[in-house]
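Take a look at this one; I'll ask things after.
Letters A, B and C mark the chains in the order given here, with residues in each chain numbered from 1 onward.
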């Protein structure tokens, strides 16, 4: 069974149908990319999978369990996490605290535990701080551990968002244009991290972007979206030469040829 | 090691102050401590969790009136009645937090404003219970058969209690609960997606603010020895806002600095005492526009530099 | 008896409508919730009082000048304070407006004391019987004046060039900016208008209540009226005001005077709980 099964998903904003009858299977341990021009509905799909926006019809199943209709924090509890197109960090918190929020559900104590330190709350905190530091290390952010997230340079902010998302040890991670605004070298570094996460931790990654070049090198499967509908799906090579895809991107190609 | 030294010094200072300072000075310190407790509640719900609350005066009223009524109606002594009244306020606070889930900023402020107005209206008109505008005298706290009425006697109870509450609050704010509050304020969307349940934490923040408001209110009643509905209106809720804005919105130190300034200020104004509320307003505006970090923010900046 | 209550209710309601109108105008135009609105109402009344009683101007001139000064003060608030904190979090704006209200209230108290002043009013207080209902000239004057003001505003926003420009800027700030309408100018104009409106409400209110620095606290009724009317609709504010006035007075007459105030606040809480979507019409999930 695929880890994530989306069937006939339709998302509507007022009169506008952003996503129309979309279906996809994201296989376990794969990097699956969803691409399409701006406005194709990619972010809407992520917002709906994570429970931030309702779907009009359709179903989204994680390992057989329906996600639609559940609250975002419940979906997070089932092991789905994400990053945002425009970085949504907790800007006034330190990098470490940002990551610790990502690990929120890994700890269970409440007010009593926090103030009186019952139930191994303190031990749990220390354990999570260590884990958080390890995650920061993997993403090259450990020296920035005590810096405010809002003070970090943009590239590091993107990496911090990824670190925060990884903190909950998710089964599925949804990345919304993770490389946008990054320099080429940083993108290469990011790709390396993502491949590493897939290969060594068996993480399943659903990546969304509108630039083909970003995803070509690391995706196992690419699904192409155009005006809310799927128009192609397959390996990078097959999708690149697909006639429908070329037509959809024709404007882009042509303008590039004119330069 | 350093921590133990701080504790020892603090305890020594406490004993020395309790013995040497005048009763009036100790009374002022008691007022600062008690106001700080109530303002701490506001720090948690508004400063950290980002839920605008203008209901603190109402919770304070519930603590004060609640304790007195539990005493006169059920014979419950204050040392039990005040915490019970505070718990009752916490339940109400939790319920008030429910509409908070769907309301933002100004709308939430309006609801909490309306809530305070309703509570005050009830206090004024439910004469059979609250004695209305005539007010309610507050019997003293008795511990071990002894009535504690002077500033010095209450100092021994109020200050250690305040210290305890503040330490607990600091721990809370550094824990996952505090992080959840802070995350909800800074980016509710990201917080929810990271697994923070907004329903749970928003209502919890309100409940905590109500508990502290009620507890502080009960203690405050002991100091003023008289309860009157006029002391628990919208303006009084705004006072607490002044305290935390001037003291510093997000930190545990804020309520302490803010309360100290606001209570000691009239003492320094002398002949101009009547203008104290006007000064509060000016301070509030000045701080919120030019120094949103408040006094504790300025302190932090200074210590950072050194 | 019911008609009497309704008549009084409409009188009070007209004033609430004016306050609500000013409130909604500022909110719609500048996205600021004016928690100091009540004190601006009080300011209008006090300015008129001072100009008439202490400076010696005839009543009409005093009122006109008071409106001018109130409008100028509103502009001052916008330019000096609000522009400075335009980018700050909402909490900052709420607190700043509360602070301004506090300063106005306590400033009035400091300058003129807490005493209630009688407000000069030209018409005799003798009631007149009209269709089985006792009306004082004050009631009539207030309703007529309020209606006149609302009519002027309606005409202004519908037909005057400036009014149409302001309306456009309220509905769609980006498009208006593209069309050359200066945003600072719009904000400033809105504050001047709303402040003058609040001042008029104050002048009309003053004969009905005692003139004290705390009279601004009635603004909460204006806010409730705005909420009842849907918060972002100008006609809604008017309807809300009148409805609230009538409900309040009828409750006061038939149930109890104690509940009269309480019903207002209960209404506020009920509406905000039950129908919050009507208020924040722009409240979609934040675009992420």
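One rule holds for everything that comes next: a contact is a pair of C-beta atoms (placed from the backbone, for glycine too) under 8 Å apart; a residue touches a chain by one contact, two chains touch by 3 or more.
These numbers come from a predicted model, not from an experiment.
Look at the CA centroids: the one farthest from the centroid of chain A belongs to C.
Central chain by Cα centroid: B, whose mean Cα position is closest to the mean of all protein Cα atoms.
Separating the CA-averaged centres of chain B and chain C is a span of 32 Å.
Work out the mean CA point of chain A and of chain B, and you get 42 Å between them.
Inter-chain centre distance (chain A to chain C, centres taken as mean C-alpha positions): 48 Å.
Across the assembly, chain C contributes 285, 288 as residues in contact with two or more other chains.
Residue numbers of chain B whose C-beta contacts span two or more other chains: 189.
Looking at chain A, residues 52, 84, 88 sit in touch with two or more other chains.
The part of chain C that touches chain B in the complex is made up of residues 33, 35, 81, 84-85, 88, 90-92, 94-96, 98-100, 102-103, 105-107, 109-110, 217, 220, 223-224, 227, 258, 261-262, 265-266, 268-269, 272-273, 276, 279-280, 283, 285-286, 288.
Residues 168-169, 171-172, 175-180, 182-183, 186-187, 189-198, 204, 208 of chain B are the ones touching chain A in the complex.
Against chain B, the residues of chain A that register as touching in their complex are 50-52, 71-73, 76-77, 81-82, 84, 88-93, 97, 100-102, 104-105, 107, 109-111, 113-115, 117, 121, 125, 164-165, 168.
Chain contact summary for the complex, chain B toward chain C: residues 46, 50, 52, 98-99, 102-107, 109-111, 113-115, 117-118, 121-122, 124-125, 188-189, 234-235, 238, 241, 245, 274-275, 277-278, 280-282, 284-285, 288-289, 292.
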